């Protein structure tokens, strides 16, 4: 089960929509796992961070005090797996008083009005 | 396990705070179960319905189409178990366009400003 | 290119409905299921928001979820169409993709 | 007769914090844990609401949850005190009852 | 049309598994193919054979199992989610040194690749969760 | 002081079980008595011995079991919630005709009365959930 590979040949555009904080629920961690498998299957992978999902990319996460794994460094490693399309909604950052400098990785900041167009460009939406 | 009885003799005032819709999650059903056990243990039991919890008391629930049990009739039976203190917050009804006539059982409608005083009168708060 | 958006939580409990409405537009549809079915009612504090959103997008509510909660189709906003599970399947099939706002 | 209210969800995601604030008053305390810890930050859209609520009630945030999410005590609103788990236990013990807003 | 379904929550606590079941049933009734139901996160808890719900209530696991056998629907539990939550088949029991297994008939444990594959091969993927 | 704790969610999906564990630990450290942790709803899923979380992650069930043995904390799983979710000890397996059990050491299955009793006997009851 470890070294799965997809033989179908077909490529679809997957959009991973991340709307939750890290740690409070398991979804942020699981989203990363699925993204990496999707990339290993040679699918076209984009990640969108909106609402509380933008907190997933916050620098300086230190979950040792709650005995959680610090998986935030994985976002930095995504590039190595050819996952390079990370979109963050500007309004979601602003409401939370966050700036791009607060984020762990380089992202493309888009206005909320562009989210629909982004969704429309994708074949499969996975919500985390 | 079926015929538990509490031998301790001490009586505390329990407030069951119901804030969710029936059916979407299991909490409304479980709240009723716990209330009945609490009453069987001769504890002083009150139920408070606020926020979406007021929907639990809506007449004419018909969950057959989703194959759920219709447990709403249990609210009518509470009296037989000496559970008679049912409080409903007025503002929660109003926001939802509901009136007391829409409810299955007789309740005491209280203004939101009285909720704190009600909570303060109780020893144990159970949230559902 | 149209998207079927599914919302399943009460607008009184979670912000997922308003967060969905902010990101959709013309040609999109919204299906209200489970606890979100009450957002389709005409007399709640969220009715105005739904009326205004339904000028741009099409709204549906899952009837069995509405009935489970004690409401009939007469309590619905005019702009909202009620469907059963067969209608749900039909909506999935007639849109290009499905986006669940969990 | 004082109550320790515990809120664990983000105000951006769920309405439980605002629903709690509507029903509490003088002498009550609120402890923000898990995803709710971000409501203690000074720069979010909910800061004003917290500032005004903290005139009547005392607010605490669980520091390990804040740190897990990448924030330090410098980012907190002035009116909010940060506690660790020992402080959490102390709050439970020094109030008459605990009310979790789930 | 070819459909796939993703279930993110366990039985009884949330309506998600019920909604997914009713949807799959309706899709099959309409003549569509449901190629796979993928159970992820707490969703894997749908696949234990050890539940005994009250007799007057629906039996969620048995409903899924019946669907699998009657309509040949592929019910897949995510292996990593299973390991975190204690869903085990014979192979997993052996591999992880467990003295019991609890998987129900009609379900199988496999990797996240099965979710990606469902996304690629199905015409539509529908997600149910909390 | 005498404390009791209520846990409404299973392991890993939500932080609830982690928060409860850290709280109980801190309470014991401060010299308080934790008379009982009652696991209700999906919370009963904390009590299965069949989990195998990743090696670099916390082992939530083992942490609870260690707490029970080291500090004599009573870990109770709600029987009705167990029946709906597939948590089974030897007695329950016999009673419900199940061919396996999955309860972990240090946990016991009992009725909701144990929650009421905890509410009565403890000075404070603290609830963790979703």
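Read from first to last, the chains carry the letters A, B, C, D, E and F; within each, the first residue is number 1.
In this section, a residue touches a chain if its C-beta (ideal position, glycine included) is under 8 Å from a C-beta of that chain, and two chains touch if they have at least 3 such contacts.
All values reported here derive from a predicted model rather than from experimental measurement.
Mind listing the chains that sit against chain D and also against chain F?
Chains touching both chain D and chain F: A, B.
Answer with same or different: of all residue numbers used at the interface between chain C and chain D, are over half used by both copies?
Shared-number fraction above one half, so same.
With chain centres defined as mean CA positions, report which chain is farthest from chain E.
D
If you tally contacting C-beta pairs, which comes out ahead, C-E or A-D? Let me know.
The comparison resolves to A-D.
Report the inter-chain centroid distance for chain E and chain F in whole angstrom, where each centroid is the mean of the CA atoms.
Computed from C-alpha means, the inter-chain centre distance equals 25 Å.
In whole angstrom, how far does the Cα centroid of chain C sit from the Cα centroid of chain D?
One centre to the other, that is 33 Å.
Which residues does chain F have that touch at least 2 chains other than itself?
In chain F, the residues touching two or more other chains are 12-13, 15, 19, 22, 41, 80, 84, 125, 127, 129-130.
Considering chain B alone, which of its residues make contact with at least two other chains?
Counting only residues that touch two or more other chains, chain B contributes 23-26, 51, 66, 68, 123-125, 127.
Could you pull out the residues of chain D that touch at least 2 other chains?
8, 12-13, 15, 34-35, 64, 84, 97-98, 100, 102
Using the contact rule from the top, write out all pairs of chains that touch.
A-C, A-D, A-E, A-F, B-C, B-D, B-E, B-F, C-D, C-E, D-F, E-F
Could you pull out which chain C residues touch chain D in their complex?
For chain C paired with chain D, touching residues are 12-15.
Show which residues of chain E lie in contact with chain C when the two form their complex.
The contact residues of chain E facing chain C are 1, 3, 8, 15-16, 19, 22-23, 25-27, 29-30, 32, 123-130.
Would you mind writing out the residues of chain C in touch with chain A in their complex?
1, 3, 15, 19, 22-25, 28, 96-102
In the complex of these two chains, what residues of chain E are touching chain A?
6, 40-41, 79-81, 110-113, 115-117, 119-121, 125, 127, 129
Touching chain F in the complex: which residues of chain A?
It is residues 23-26, 66-69 of chain A that touch chain F.
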